[in-house]
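One chain, chain A, links the two complexes that follow: it is found with chain B in the first and with chain C in the second.
Moving on, here comes the complex of A and B:
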C-alpha cells in the first residue's frame, strides 16, 4: 500500500488555461494499492483538476504531443516518462508548446 | 527512483533535457550555451545580417518572438554584430488576445531596452480583425489575418527605416508550412517556404534565425531563462487548416523526433521540375506591393470587405482577379460581375 503523497503541480505555456488559469497546485494524492507513477497521476489530474477540454491535455493514457513534462526540473524523457514513480514532495511541471508564437 | 542522468557534455551537472534533434542529454547550463551557440552558428553560416543594419524584430509577445528578441540582443552584444535592433508589433485588433499579448511585448521592451513600434490593422486597413471576423464568419479568418500581417510588418518596418525583418519562425513552424504547402499542391510557396532569408528582390528581406530551433527547445530555453511570454491561443485559430498539419507533425515527432528537422531539410532540398510554370513576381496595380497577380492579395481581400463581399479573395485567384480587374472597367460590367460573384459565393457556402 502506497502512502499518500504531497506533490506540487505546475501548468504553463497556456496549459494553465485548462485549469481555471491557475498555474500552481499543491495536491495530495491518496494512498492506493499501487505506487503512484506519472501514468496514474495523469488519470488523477483528468479526474480531479482538469476543468475543460480534456483532449487538449491528455491523449490515451499520456499527455497530448506538444506538452512538455518536467519532473523536479528535468525533462521526463530522462526520468522514465509514464513509468516514473512519484516521491513525496516531487514537483511536476506541464508546459504547453501548442500556443502562439 | 532511477539515478539522475548526467550531462553528456560536461559530465558533471544533472541532465535537464533530452535534445529532440540529437537525443543528447544536457544540463541546464550546457543546453543554454549550446542553444545560443547554434543560433549564432545559423546566423553566421547563412550570413543573415551585415554590420550597421537596422533589424526590426517581429514581436508578438509569444514564446518564439520573445526568445528571438532576447537572443538577438544577447548575440548582437556578445559577438559584435553591429546591429540596431527594434521591436515591431502588429495590433490586429483581437480583443482578449492581442491586447494582452501586446502587454507582454511592452514588459519585454523594458527588460530588453529596445524601442517598440506598434502598427494596427485599423490604422492601415480601416478594419480590425474582430470586425473582419464578424463579417466573414468563423472560417478563413487566418487567411485575412496572415495576408494583412505580412504586409503590416513590411509597412511598419519600412516606416522605421529597417533594412531587414527577423521573425520567430521555428523548425516546427517551417515543417508545418512545408507539409501544408505539399498537401495543398502550392508549388510556388513550397519552393520558398523553407528558405532562411527571403524576399531580397524588391521587398524588405526577411529572415528566420530560429529556423533550425525545435519548439521544445525554445520553450525550455524560455523556461530556464525565466522569460516572460504570452501563451493564449488566438480565438480564431481553432478553425485553421494549420492546426491539422500541426497535430500531424506533433504525432510524427512523438514517434520519431527527427521528423521536424527532416521535413525542414526536405523543404530545403526539394527541386521543382524545370517545366513547372512558377508565378512571376510583379507589383500590385493598386498599392505597389509585391504580387504575382495584377492585384495583391491584401488589396483583393480588402476590396471584398469594403464591397460587402468578404469571400471575394478566398479560393481560386483567377476568378477574383477577373472580377476585380473587370471592375476597373465601366460601371455596367462591374455590376454584372459583382452579381455573378455574389451568386458564386452563395453556392460555395451551401
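Moving on, here comes the complex of A and C:
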C-alpha cells in the first residue's frame, strides 16, 4: 500500500496546450495498492489532468513519441523510464519536441 | 531488429529495442565523475557540465569547419521563439562573449516573423507574445527586427530574383579576411579614433540590392494593418490542404526573411533547423516532390539567393539535446502555436513524417541520425554552380530553386504529367468531343487552353518547380497571392515573350507547342 504522494508536474514545448495552457501542476496522487510509477502516473494524468485529445499526449501506456520526460531534472532513460518509482516531492517534466507542440 | 541485444537472441516478442539497455550508466561517460543527466545517442550519458561543453563546442566547431562567416559580417538570426532558434541565439551570445582568441567575430541581428495571423491568434494574444518576445530580444543586446507575416503584401517583386554574387569568393580568401580583420582591430585599438572597421562589412553591405537603411536599433514594426490580416486569412483560406498551407507559409516566410536581410544589409541568415527537423524535412520534401532540392533545403549552407547565404548551424543537434540544453541552462523560449498545432498525426505530410520518424526513433534510437547522415551525403546539383553567368538558370518563382522541370524525355516528371492528363480526360463515352464540352478546362486533351479565358494557374505553373506546382494546384483561386508574386510572374512572362519574339525568325516553323516552359 503506497501512501499518497505529492509531486510537481510540468508541461512544456506546447504540451501545456492540452492542459488548459497551464505549465505547472502541483498534484497529490492518492494512495493505491501498488507503488506509483511513471506508467501509472501517465494513466492518472490521462484520467484526471488531460483536457483534450489524449492521443496527442499518451499513446498505448507510454508518452507520445517526441515528448521528452525529465524526472528531477534528469533524462528518464537514466531512471528506468516507465518503471521508475515515484517518490514524494518528485518533479516530473514533459517537454514536447514536436513541431507546433 | 535486435541491435541492442547482442548475443542474446531476439527473445520472445515485445519491443526489442526497449529491452533494458545493459544496465544504466552511473557516471558521465566523459569526465567519469559527475552524475549523468541525459543520454545522447545510444548509451552515452553526460553530466550537466560536460553536456554544456559538448553543446557549445559543437556550434563553434561547425562554424569553424565551414569557414563561411567572415569577421565583421552581419548575420541575421531567424528566431521563431521555439527551442532550436532560442538555443541558437544563446550559442551566438555565448560565442561573442568569449575571450578574444575564441570569440566569434560576426555582427548578429535577430529577426522574428510574427505568424499569428495565419495560426489563429487574435490581436490581443499577438500583442502578448510580442511583449514577451521583446523582453527576451532586448536581453540579448543584439539589434532586432520584428516583422509581421502580413508584410508579404508589401514586398517588391525583386525578392524573387537571385542576385549573382562574384565578390564573395569563399574559402581561399577566408584566412586573409580573418587576418585582415585582426590587424584592423589591433589598429583600431591603438588609434582609438573614429571610422569603425568599415571596409569589409561595408563592402558586403553594398551587395544588397536595395540601399541598406542601417537601422541598428530595434526596428519597430508599423501598425498591423487589419486589411492585410484579412488578406492573409483569405490567402490561406484558399489553400485546400494543410500540407500546401505549410509549404506556402514556409515560402512566404523565407521571402520575408530574405527581404529583411537584403534591406538591412545582412549577408548571412542563420536558421535554427535541428537534426531532427532536418531529418523530417528530408523525408517530407522527398514526398513533396522536392527531391531535386534536398541539398539546398536541408544542407548546412544554401546559396540559392546568390547574395544572401542561408546557414543551418543547429543541424547537428537533436531536438532532445536542444530541449535539455534549454531546460538545464534556462534558455527562454516562447511557445507560439503553428499551423499544425493540435492537429492529428495524419493532418499533413509534414505531420505524418514527423510522427513516423519519432515513433521509429523511440524503438530504434539511431533513426533520426541515420536519416540525417544519409542526407548529408547530398550535394548541390552540379548544374547549380557551374552556370558561368552566361545563362542564368531559370528559377522557380516561389522557392527560387533552379527549375527541375526542363527534363529529358522519359523522365518521371513526364510520365506523371501524362498520367495526370489522362486522368483529367472525361470518361470514354465523351470521346473526342471533350474539348468542345469544356473549352476552358485546364489541361484538357492536348489543345492549349483558349486565350482570353486563361486561368492564372496556366501561366503561373510553368514558372514553378514541380513541388511548388503541387502547392499552387491545391489552391482554389490564386488572386489572394501577394501582389509581388503576380507582378514578378507577369514580368517573367513578358521577358520570355519578348525573347521569343526576338528569336522568332530563327525558329523552325514546325515546332509544336513549346516544351514545358
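The criterion applied here is as follows: the second predicted complex is superposed on the first by the 99 of 101 C-alpha atoms of A that agree within 3 Å, B and C clash if a C-alpha of one lies under 4 Å from a C-alpha of the other, contacts with A are read in each partner's own complex, and residues count from 1 in each chain.
Criterion: a residue touches a chain if its C-beta (ideal position, glycine included) is under 8 Å from a C-beta of that chain, and two chains touch if they have at least 3 such contacts.
Computed from a predicted model, the values in this text were never measured in an experiment.
*Asks:* Looking at the superposed three-chain arrangement on chain A, would you call chain B and chain C a clash or a fit?
*Replies:* Aligned through their shared chain, the two binders clash on chain A.
*Asks:* After superposition on the shared chain, which partner residues are touched by A:33: those of chain B (first), chain C (second), both, or neither?
*Replies:* A:33 contacts neither chain B nor chain C.
*Asks:* Who does A:77 touch here: chain B (first), chain C (second), both, or neither?
*Replies:* Both chain B and chain C are touched by A:77.
*Asks:* If you stack the two complexes on chain A, which partner ends up touching A:53: first (chain B), second (chain C), both, or neither?
*Replies:* After superposition on chain A, A:53 lies in contact with chain C alone.
*Asks:* Is A:87 touching the first partner chain B, the second partner chain C, both, or neither of them?
*Replies:* A:87 sits against chain B, while chain C stays out of touch.
*Asks:* Residues on chain A in contact with chain B in one complex and with chain C in the other?
*Replies:* After superposing on chain A, chain A residues 12-14, 17, 64-66, 68, 70, 73-75, 77-80, 93, 95, 97-101 contact both chain B and chain C.
*Asks:* Please give the residue numbers of chain B that touch chain A in the complex, ascending.
*Replies:* My answer: residues 1-2, 4-5, 14-18, 25, 28, 60, 62-65, 101, 168-170, 172-173, 215-216, 218-220, 223, 230-234, 246-247, 250-251, 253-254.
*Asks:* Hey, which residues of chain C end up touching chain A in the complex?
*Replies:* The contact residues of chain C facing chain A are 24-25, 35-39, 45, 83, 276-277, 280, 319-320, 322-324, 327-328, 335, 337-344, 350-351, 354-355, 358-359, 361-362.
*Asks:* So in the complex, the part of chain A that touches chain B is made up of which residues?
*Replies:* 12-14, 17, 64-66, 68, 70, 73-75, 77-80, 84-85, 87, 93, 95-101
*Asks:* In the complex formed with chain C, which residues of chain A make contact?
*Replies:* For this pair, the touching residues of chain A are 12-14, 16-18, 52-53, 55-56, 64-66, 68, 70, 73-75, 77-80, 93, 95, 97-101.
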